[in-house]
Amino acid sequence: MELKPRPRVVSPLHLAAGGHEVDNVPVILVVEDDQLVQSIVEESLTEGGFEISIASTGEKAVALLETSEGKYRALVTDINLGQGNLDGWDVARHAREIDPNFPVVYMSGKDADDWASKGVPNSIMLAKPFAPAQLVTAISQLLNASPPIAPPS
Amino acid sequence: MELKPRPRVVSPLHLAAGGHEVDNVPVILVVEDDQLVQSIVEESLTEGGFEISIASTGEKAVALLETSEGKYRALVTDINLGQGNLDGWDVARHAREIDPNFPVVYMSGKDADDWASKGVPNSIMLAKPFAPAQLVTAISQLLNASPPIAPPS
Amino acid sequence: MELKPRPRVVSPLHLAAGGHEVDNVPVILVVEDDQLVQSIVEESLTEGGFEISIASTGEKAVALLETSEGKYRALVTDINLGQGNLDGWDVARHAREIDPNFPVVYMSGKDADDWASKGVPNSIMLAKPFAPAQLVTAISQLLNASPPIAPPS
Amino acid sequence: MELKPRPRVVSPLHLAAGGHEVDNVPVILVVEDDQLVQSIVEESLTEGGFEISIASTGEKAVALLETSEGKYRALVTDINLGQGNLDGWDVARHAREIDPNFPVVYMSGKDADDWASKGVPNSIMLAKPFAPAQLVTAISQLLNASPPIAPPS
Amino acid sequence: MELKPRPRVVSPLHLAAGGHEVDNVPVILVVEDDQLVQSIVEESLTEGGFEISIASTGEKAVALLETSEGKYRALVTDINLGQGNLDGWDVARHAREIDPNFPVVYMSGKDADDWASKGVPNSIMLAKPFAPAQLVTAISQLLNASPPIAPPS
Amino acid sequence: MELKPRPRVVSPLHLAAGGHEVDNVPVILVVEDDQLVQSIVEESLTEGGFEISIASTGEKAVALLETSEGKYRALVTDINLGQGNLDGWDVARHAREIDPNFPVVYMSGKDADDWASKGVPNSIMLAKPFAPAQLVTAISQLLNASPPIAPPS
C-alpha cells in the first residue's frame, strides 16, 4: 500500500449516472485528527471509489453535517478527537438526529469496548488495528442496506 | 386478555432444568412508572413464561443491575421515568456497561424517534401503541440471538 | 384453540399509552376471502394483542390502504383472492407504493414457490399449513424491525 | 401454566389450507428423554399451534427423520440423551445431511457453551432455563426464514 | 481508476480448484445498455476477480439465463433498458423463476425508490451514484449468503 | 491479477494506531496445502490490508491456535488437507473451542454441500470457484460483526 494519497476525482460512474452535479455525488465524512490515519483512510476509501471530506474536530464535523444537507452519505469517525469538546460518540448522535438512517462507522483502539453502551444502533465499530478492506466493506454494507433515496430532480 | 396480573411463579421448566435455584432463573427487569402499563407488561411476559422484576425509577433499576449480578437476563424500559433524574436511555447505557451483550427493549410513544440517536446497538424500540406479542417476540429474539452462557456450576 | 373469534377490543395497552384515539391504534389489514381462514387469522392475531380489519378482495384492500392513511401498520394477505382481478402480490405492491417500509406477510399453499420472483423485499411468506405462532411472530418481527414512527401529536 | 398437556389435534388452519392430509401437516420432532421437559415443550408448541412427535433417544430420532421424508418441518433437541450413543449434536447433523435447510433448535444447560463449536449453522441454542415463548419464537423464526416449499400436489 | 477494461481471463483460482472447465466458472450477468456504465461495472467486477457477460437488452439477458443453465452465478441489472420491452425488474423476476435463490443487484438513479414495491426479495438496490466497492461488496455479500452448490462432477 | 505475492508488511494503519507491537497486529490464519491456492489467498488478503500466516496441515494450524493466544483474528481453511488426520471441519471446531466468537471461513469445491451439517455456526462457506473479492468481503463481514475487543494495555 502506498502512503501518498491519490488526488480526489469525480468517479466516471457518477458522470455516467445522467450528469448529476458534484454536490450530488456521495461523499463520506471522515472525522480524524491524526494525519497518518487520515491519509490511510482517504486512500482506502478513494481506492474503493468513494470520495471523502475530512474534518479534524467534532465541532467542524457537526457544522459540516448541519450545513451540507444531503451531501454526505456516511460518517467514519475516530472516538478521541484531540481538539474540541465533542468526541466521536457525540458526532454520530448529531448525525443521527439529522438523519435517523445515516450510516455510521467508528474507528477506535482502547475505546472499542464502549461501543455497546455509547454507539448508535446499526453502526459498526472497527477496533484498531483493522485492515483497509474492513473499512471499505463496512461502509459498503451500511450503504447497501440503507433504503435507497432518489436523487433530487 | 385479563387485566389482573397472575401471581409470579417459578416456571416448571426451570425446575426441570436440573434443579437450578431461584437465583439462577432468568428474570426480565422492567423499568416503568405507570402502574397500568406495568401490569400489562407483567401479564404479557408472564404468559410467555418469563419472570419479571419491576423498578419504578431509573435509579432503582441501576441499583438492581449493579447488585444482582447475573440475575437479570434482559431489560425492558420506558423512556420517561417521572421520578428521578435517569431516563430509559441512561438505564440501558448502564446495563451495557455492566454486560456489553445485555438484551435491551425500549418502550416509548413520543420519544421513539430518538432511538436512532440515543439507543444502544442491537436494541429494539417498541413504539407505542404496540401489541403484547411484539414485546414477547422482541425479548425472545434478543435472548435467542445472545451467545449462550453456561449456568454457574 | 377455539374456532369462535373473540370480539375485537381496544387493547388496554393502547389506552395506557397516554390516551391515543382509536384511529391511532395499530391495526393489521388482513386480505382473505375464505371465512374459515379469516376466523383463524383473526383469533391468532387478536390473542397476540393485535387488532385487525378484514378485506375479502384485493380491490377492497387497496381502497382501504389508500383512504386510511397511517391506520394500518402491516398487511397479511392470501395470494389467491377469488373475487376481483387483484391478487395478493398486487395488493402488497400497492401497499409498498404508499409506504416503502410497510410490513408484508403473505400466506399461501401452492403459490409459496413464487415468492422469490413475485414477493416484495423484506416480506415473509408463510407456506400453508403454518402454525398460528408463525403468523404472530412474523408480524412482530417485521414491526419490531421497522423504523419507529412517532404518533402524530 | 398448566402442566397437563393438551390432546394433540390437527389445527383447523391445516384443514382450511385446502384439505391437505394429516401426513402433510407440519410436525416438530422433539428429542428429549426427560418426561417433565417433554410435557412442557409439548404444551408450549401445541399452544403455539404446532404439532409434535417425541423421540426419547437419538437413535429413534434419526430413524424417524430417515423414514418419514418431509413429515417433519423442524427439530428441537436436548443435548444429553441418556439412553443410546447419539447425542443432540449428532441428531442435528443427521437432520442436515437429509435436508441442508432443516430448522434446528437445541436446548441445553451445561452444554450450551459448546454450541459455537458443535452446533450446525443457522441453528438456535436455548440455554436452560428458558421461557416457553423463547422456544416458540425460535421455531417460528427459523421456519419463517426458510425458503417456502410448495405442498406436493 | 483506469477506464480501459482489462481483458477477461480465467482466474488462476479457478484453475486451482481442481481443473474445472470454463463453463463451470462463476460469471456475473450484467444487463446494461450504456457503454460507459458497462465498462465501469466490468472493470470493478473484474478487479474483484469476477468474470462478466454483458447483455444490452432485457430480452437478450432472459435468453442467456434460459439457455445457459448454471453458467451465471448472479445478476447485475440496470432498470431502464432503452431497447426492447423488458426492464430490469422483469429480468430479475425471470431469473428468480429459473432459480429462486439467484443473487440480484439492481442499479438505478431515479427508479431506486421503486425497489420496495418492484424488487424481488433478498436483492440489493444500488442507488446511483454509487462507488465501485459497493457493487463488489453487494455481489460478494449475496454470493456468500447463498447456500453453496457443489460443482457438477 | 498478478500471481507473485507481495512481501508481507506491517500496515501503516497498525503503526498509526498508537504504536502497537507486531504481536498485536491482526493476522488471518490460512490453512491450505495447495501452493497455488495459498499464493492466491495470500495475495487477495494482503491486497485487502490483512496479514496472514499459513499452515499446511490441520495439526500445524491447531498448534498455532493453541500457542499463539490472541494473535489470530480469523481462520480461512480448506476442507481437504492432504497430510495429517485433521480436516478443515476439525480445525474450525478447535478454533471455536478456544474462542467461541472466532470468525471462520471455509473454502471448498466438492465438500461445500457438507457445510450445513459439518460447519460451525456463523461461519461462511466459499464454494470454489470463488472470486478473491468474496474472500476479502467474507473475512471483513465476520470481523466487522464480531464484538470489538480492546487491545491489551
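Going by the order they are written in, the chains are A, B, C, D, E and F; count residues from 1 in each one.
As a convention for this text, a residue touches a chain if its C-beta (ideal position, glycine included) is under 8 Å from a C-beta of that chain, and two chains touch if they have at least 3 such contacts.
Just so it is clear, the structure is predicted and the values come from calculations on it, not from any experiment.
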Relative to subunit C, chain with the most remote C-alpha centre: F
Give the chain pair, either C-E or A-F, that is connected by more C-beta contacts. A-F
Whole-Å gap between the CA centroids of subunit A and subunit D: 45
Go ahead and note the Å separation of the Cα centroids belonging to subunit A and subunit C. 38
Report the inter-chain centroid distance for subunit D and subunit F in whole angstrom, where each centroid is the mean of the CA atoms. 34
Can you compute the centre-to-centre distance for subunit B and subunit C, using the mean CA position of each chain? Integer Å is fine. 28
Which positions in subunit F are in touch with at least two other chains? 100-101, 113, 115-116, 136-137, 141, 147
Name, in rising order, each residue of subunit E that touches subunit C in their complex. 93-94, 96-97, 100-101, 113, 115-123
Residue numbers on subunit E that touch subunit F, as the complex places them: 11-18, 20, 24-26, 47-50, 136-137, 139-141, 143-144, 147-151, 153
In the complex of these two chains, what residues of subunit B are touching subunit C? 1, 3, 34, 36-37, 40, 44, 108-113, 115-116, 124-134, 136-138, 141
